[in-house]
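Chain nomenclature is as follows: A, B, C and D, assigned in order of appearance, with residue numbering initiated at 1 for each chain independently.
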Amino acid sequence: MNENNRVWWILFLVGGGALLVRAATTEFGKSYARDQTVYVTVEGGTAEVDAVPGLPTAESDAAHPDAARWTRSLAADPGERDDPHVRFSWADTIGLWCAALLTLAIFSFLFGDNPGYRLAEAIFVGVSAGYAMIAGFWEGIVQLLLAKLIPVATKEHFLPGLEPDPRWADDWARYQSGDLGYVAAEWAATTLLSLVPLVFGVMLLMRLSPKGGWISRWPLAFFIGATAGLRLIVHFESDFIRQIQATLLPLIVFKEDNSFDLAQTLANVTIVVGVLSSLVYFFFSKEHEGVFGGVSRLGIWFLMITFGASFGYTVMGRITLFAQRLEFLFDDWLWIIDPLQRRAGL
Amino acid sequence: MIDVLSNLDRRWVFAAMFVAVGWPILSGVRFKEEPSEGVRRVFRAIEDLPEGSTVLMALDYDPSSQGELQPMASAFTRHAAERGHKIYFMTLWPAGSPMIERSLRIVEQEYPDYVYGEDYVNLGYAPGLEGAIKAVVDDLRGQFATDARGNSLDSMPLTEGLRNIQNMDLLVNVSAGDPGAKQWVQYAATPHDIAMVTGTTGVQAPSLYPYIPEQLDGVLGAIKAAAEYEQVLSVAYPKFAESVKAQEGLRRMGPQLVAHLLMIGLIVVGNVIYFVERSRGPGGRR
Amino acid sequence: MPHHPTRHGLGTLLFAVAATFPGLSFADDAPGDAAPPASPPAPPTDIVVEDRPDDAGDGLVVRWTLSKDDTEDADPRTVLKYVVERKPAKGGEFEQVGESTYKQPEFEDEVDHGTAYLYRVVAVGRGDVRSPAAESTEAVQPVLQWFNGRRAWFGILLLVVCGSVVYFIQIARRGTDLYIRPIAGLEAVDEAVGRATEMGKSVLFVPGIQDINDIQTVAGITVLSRVARTVAEYDAELVVPTARSLVMTTAQETVEAAYLSAGRPDAYREDDVYYLTDEQFGYVAGVTGTMVRDEPAACFYMGAFYAESLILAETANSIGAIQVAGTAMPSQLPFFVAACDYTLIGEEFFAASAYLSGEAHQLGSLKGQDVGKGIGATLVVLGCLVLTATTLFTVRGFDVGLLTAIGDYLTQNVLGDGGLSR
Amino acid sequence: MKRTVPLFLAAATGFVLIVASFVPAAGSWGKYAVDWFNILAALAFVLGGGSLLSQHLKKISDQQAGWGYSLVTVVSFLATLVVGLGKFGVAPPTLHPDKVWAGDYKEAGSGFSWIFDYLYTPLAATMFSILACFVASAAFRAFRAKNVEATILLVTAFIVLLGRTYAAIWIGDQADWLASQVVDPAIWHPYVTGLRLDKLTETIMDVFNTAGTRAIMIGIALGIVSTSLKVLLGVDRSYLGSDDR
């Protein structure tokens, strides 16, 4: 047994032992849920929603004839468990333990690679890839593609809130009055245009065929071209023009009563000198020697201050996240602390 | 001693970090905050709006950064509701919807007078990254057919006449990255002169400073700014001083202090090692 | 402390009841007042409707002269807002299209192209008392503009910068020798790949976590092209995990082409460029896992990075890999600078593809970029001098009309959206 | 042919969009491109998902070392897909109680939200949070005063680290108290308050950091202009793959 393995075993046994001791002496790691029954009646485009606490009963059903009904389980704090509609939840308790153990597994990577981390990594890659694809399906394909290509069916099954393109109503009137050219133009502008991404998609998927791979470059080229065009404009405007505009500053500043404002003067001079010297650092076509080299050196110093400041400033956010994970372990899982008073009265 | 430290396994640094953050959490130590001018600027942007102003609350973050950003979103929500503003929630992040729910819960629980659809509304998730910003700026109905609960926008007083967000009195953005604060500045606040404040992660904040004050009214950067904001709020509205929930940021500052001191200590020790080794000459280094 | 607003039926009712008793005041929402609703304010006057300039013919601007009662010293305020209503010139009823707050004699309206409209404006006081409406006299139809005049200067500057990039590429193509200073990080690329080959270990290339619609990813892919060629020449092993399906596709094309141009098409394996997951930290978990298990000798990070930058860099450091990073994310540069062996900062990263291509004419583009920086610096110096002079002369009591005009033109027109003359 | 058409397509799209940004009526064209891209990216998941599955299925069928982990990845991937596509536990929207497929796929209480809350979130947040430890180890290792540049980097980081906590206020207060024992604060106070660590941090962020970031942004803008032009003009075509295949 090498030293690493020994440390793992010790950590594992100590941790497990502590959990057992805690379990024997006090409660922790339980999740509760509040049941709610929702009755919905829809009349004339508005919904009447009645959320009744607890699971459905004969009385609550009788009180809502002709209403659609479903149940919801909402998160409840352990402190509320005396409430008759709050119950112990297996699903959330198992979830809580999964979350806690996965948190520990990721933390274990700090000590070194180990089977726990590899398992967490495997789950993470699978779940997050699935998550991204599901989001892409419902939000990209259904909302952006199907809603335009087959609006009626999409509205019927997936997006009841989808409002028909107002142009269609108009088109029907124009069609009847014989204005076919207009209708054709509108049709091209809506339906045909929404076919473009589908065609691109098919071209892209041609990669899967042994011979058609080259055609998948067309959509890629289209979007790389679009990216180049769009980014060129946006960045030139907001990062070049606007930043230069913001750097036009008076190098001497007076207060309203005409007295000299030293602090603001220094600040303005520093900003202008800093921007100019850092720009000099980025010059490619001139050797950084002599005066030019000196200014460029000053530019590097400004960049170093910028980096140091950003680094120091960022630390705070990282520690917050870290603290939050530890809080999750101590509060939600182990019930050692209770800063939000969620187990008050337990 | 120096030899031990210079060959220190970085895992000891990690362990020290666990202690530095874990101990204040367990002991619950808390410190007071002195609000900076930047934070007061953000506070005034919401405070000085006439009551009943329209505020677009764009919460563009996900669970992975909620530790830093949730206190800001909560404080913004409480402040706007306290001032009686009309709040429109939306997010550009697919995982942002549950984040909006947290703010909605605050409104529901702490401001029972607020009526959904009349005083606040949840427009939900807008797919399309920065394209979605362009969409809500030009033609909101093209982006949101309904609110997040499936209500038609025409059925609610708050959204009935809403065609785009160009006439919002204030744009409040809580942002964990792209798309977020920068894109809102570029595509909404700058071209349409909408007043805007933002709360961001510490990483992002520096890249937003250049936009102040012309394109952006103020930035809350990182948890410290959130804590300072809570401090200003609890001075202006004493009820927040008594609520534990309204002090999430302040509570989180305890671990910050100790962990920062650890970092500073590490940098000092690192340099001491460096200078001692250098004075020993070239043979002293590994 | 302002009390909680009375915004519901009951409150309004109470208000109405209270208002009917003369002398009885009732606290309204607005701060610092306690007065009964006054008589209607004076109406606004001189309604002018104009086409909104520089748009697609879908906007009108309504302007008016403020109501006589809309004054700064009125306390409590007599005019709270203006309500703008419009109707098509050919029939129809007036409908409210928007509001503007007190002191705001202007409203921008979105309208249908090709329809003429009439407008009227009403001043509204507290208790929703309304002034008589002031109506516009002529129907106005919006006009479509083909060129956004506000962007004229933007276009000029863009043309000059793009023009100089293209010009210097042409100059270089004709064989003129251009001096380009060395960049440390780029010279390290070959060295890093070489070391990996010697050690018999792989090279890891991370093209950022954004999709191909981020120009940084495109720039990263061009660097990958060169790295892949070197890897193929040295007969080392290349691993490219990607966070996006389209980046994977593009990277496969690029790497395959690079192996081909190095004369080693047989060494290319499509599986070496693979997809992990779109999610940022899931991707990082996968990449760091690969790092600690395969122990690559060289790691390249070229593209758009977020918080994962330091997780990658510290993990690779712990396995002793040479690291070269390049990104245009200002927020992540500090971490790469601190933790990597070489970092291409912002513009250097974009310059990398020109350097690495080994083609002389691509280097011309760098000279063009320098012209852009020169223009920027000149504008800054010029503007600062003008503004400084303006400040100095103002304090001394001189007439600064011309200087102010120049300064304004620079900030509002040349660098703003004022167009050529607005 | 295999490269000419794509080159033309890229150039045409890019230049049309550049020109469109100057034409008011074409303002929405960019949005089309963005929407289309999102659709294409969603369709491209077929390729990404295919790559993911084929790598891991290969490992499993070859029984390579660690194939068990590949199995876990495949199972959790497929399970997430099934639960998300099936909208298990999703209630219909209130206005349309009869449309069972119309609810929000990530609604609270649904199967997908269970995966999100108890697997995805803790994993993502914890992976993010271990950065705190890496920041510390990087600072310990890299922030050493080796030369002028490194010293500037480390001193700035040091000041900002301190200035962002209560410690800065405490040190400032102590210094104030000490100094006021010696000299009347009214004399020196206006001149030195700017040196208090918390104020100094603000100055660094507002002035120095603004200047540096601005220069970086200007450089990046030019880099993007030139990179974009090279792509559009076909000077740089490495993304296109090779002619013969």
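Going forward, a contact is a pair of C-beta atoms (placed from the backbone, for glycine too) under 8 Å apart; a residue touches a chain by one contact, two chains touch by 3 or more.
These numbers were taken from a predicted model, which means no experiment stands behind them.
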Checklist outcome for this item: Sorted by label, the chains bordering both subunit B and subunit C are A, D
Checklist entry - Shared touching chains for subunit A and subunit C? => result B, D
Checklist outcome for this item: By Cα centroid distance, the chain farthest from subunit A is C
Checklist entry - Counting contact pairs per chain pair, which pair wins? => result A-D
Checklist entry - Between subunit A and subunit D, what is the separation of their C-alpha centroids in Å? => result 10
Item to check | subunit B-subunit D separation of Cα centroids, rounded to whole Å | outcome: 15
Next on the checklist: Please tell me the distance, in whole Å, between the geometric centres of subunit A and subunit B computed from their C-alpha atoms.
Outcome noted: 14
Next on the checklist: By the touch rule stated above, which residues of subunit D touch at least two different other chains?
Outcome noted: 21, 27, 30, 34-35, 37-38, 40-41, 44-49, 52, 93-96, 102, 108, 116-117, 120-121, 123-125, 127-133, 135, 137, 139, 141, 143, 153-154, 157-158, 161, 164, 205-206, 209-210, 213-214, 216-220, 222, 224-225, 227-229, 231, 239-241, 245
Checklist entry - Which parts of subunit B, given as residue numbers and ranges, touch two or more other chains? => result 10, 14, 17-18, 21, 64-67, 94, 127-128, 146, 150-152, 203, 205-207, 210, 222, 224, 256, 259-260, 263
Item to check | Residues of subunit A whose C-beta touches two or more other chains | outcome: 45-47, 106, 109-110, 112, 118, 120-121, 124-125, 127-129, 131-133, 136, 139-140, 144, 159-161, 204, 207, 217, 220, 223-224, 226-228, 231, 233, 235-237, 240, 242-244, 246-247, 272, 275, 279, 282, 303, 306-311, 313-316, 318-319, 321-322, 324-325
Next on the checklist: Testing understanding: with touching defined as stated, what is the shape of the graph linking the protein chains, line, ring, star, complete or other?
Outcome noted: complete
Next on the checklist: With touch defined as at the start, can you tell me which subunit B residues reach subunit A in the complex?
Outcome noted: 11, 14, 17-18, 21-22, 25-26, 28, 64-68, 94, 125, 127-128, 141, 145-146, 150-152, 155, 185-186, 190, 201-203, 205-206, 210-211, 214-215, 221-224, 244-245, 251-252, 255-256, 259-260, 263
Item to check | Complex contacts: residues of subunit B adjacent to subunit C | outcome: 10, 50-52, 64, 82-84, 113, 115, 118-119, 161, 163-164, 166-167, 177-178, 203-204, 206-207, 236-238
Checklist entry - Can you list the residues on subunit C that touch subunit A in the complex? => result 154, 157-158, 161, 178-181, 212-215, 218, 246, 249-250, 253, 275-279, 281-283, 285-286, 288-289, 292-293, 330-331, 333-335, 337-338, 345-348, 351, 366-367, 369-370, 372-373, 376-377, 379-381, 383-384, 387-388, 390-392, 395, 407, 410-411, 415-416
Next on the checklist: Which stretch or stretches of subunit C touch subunit B in the complex?
Outcome noted: 1-2, 4-5, 7-8, 29-31, 96, 98, 101, 108, 110, 280-281, 306-307, 318, 330-332
Checklist entry - Inside the complex, what are the residues of subunit C that reach subunit D? => result 54-57, 144-148, 151, 155, 158, 161-162, 165-166, 169, 211, 213, 215, 218-219, 221-222, 225-226, 244-246, 248-250, 253-254, 256-258, 260-261, 271, 274-282, 284-285, 307, 310-311, 313-314, 317, 328, 330, 333, 335, 337-339, 345-347, 349-351, 353-354, 357, 361-362, 365-366, 368-369, 372-373, 376
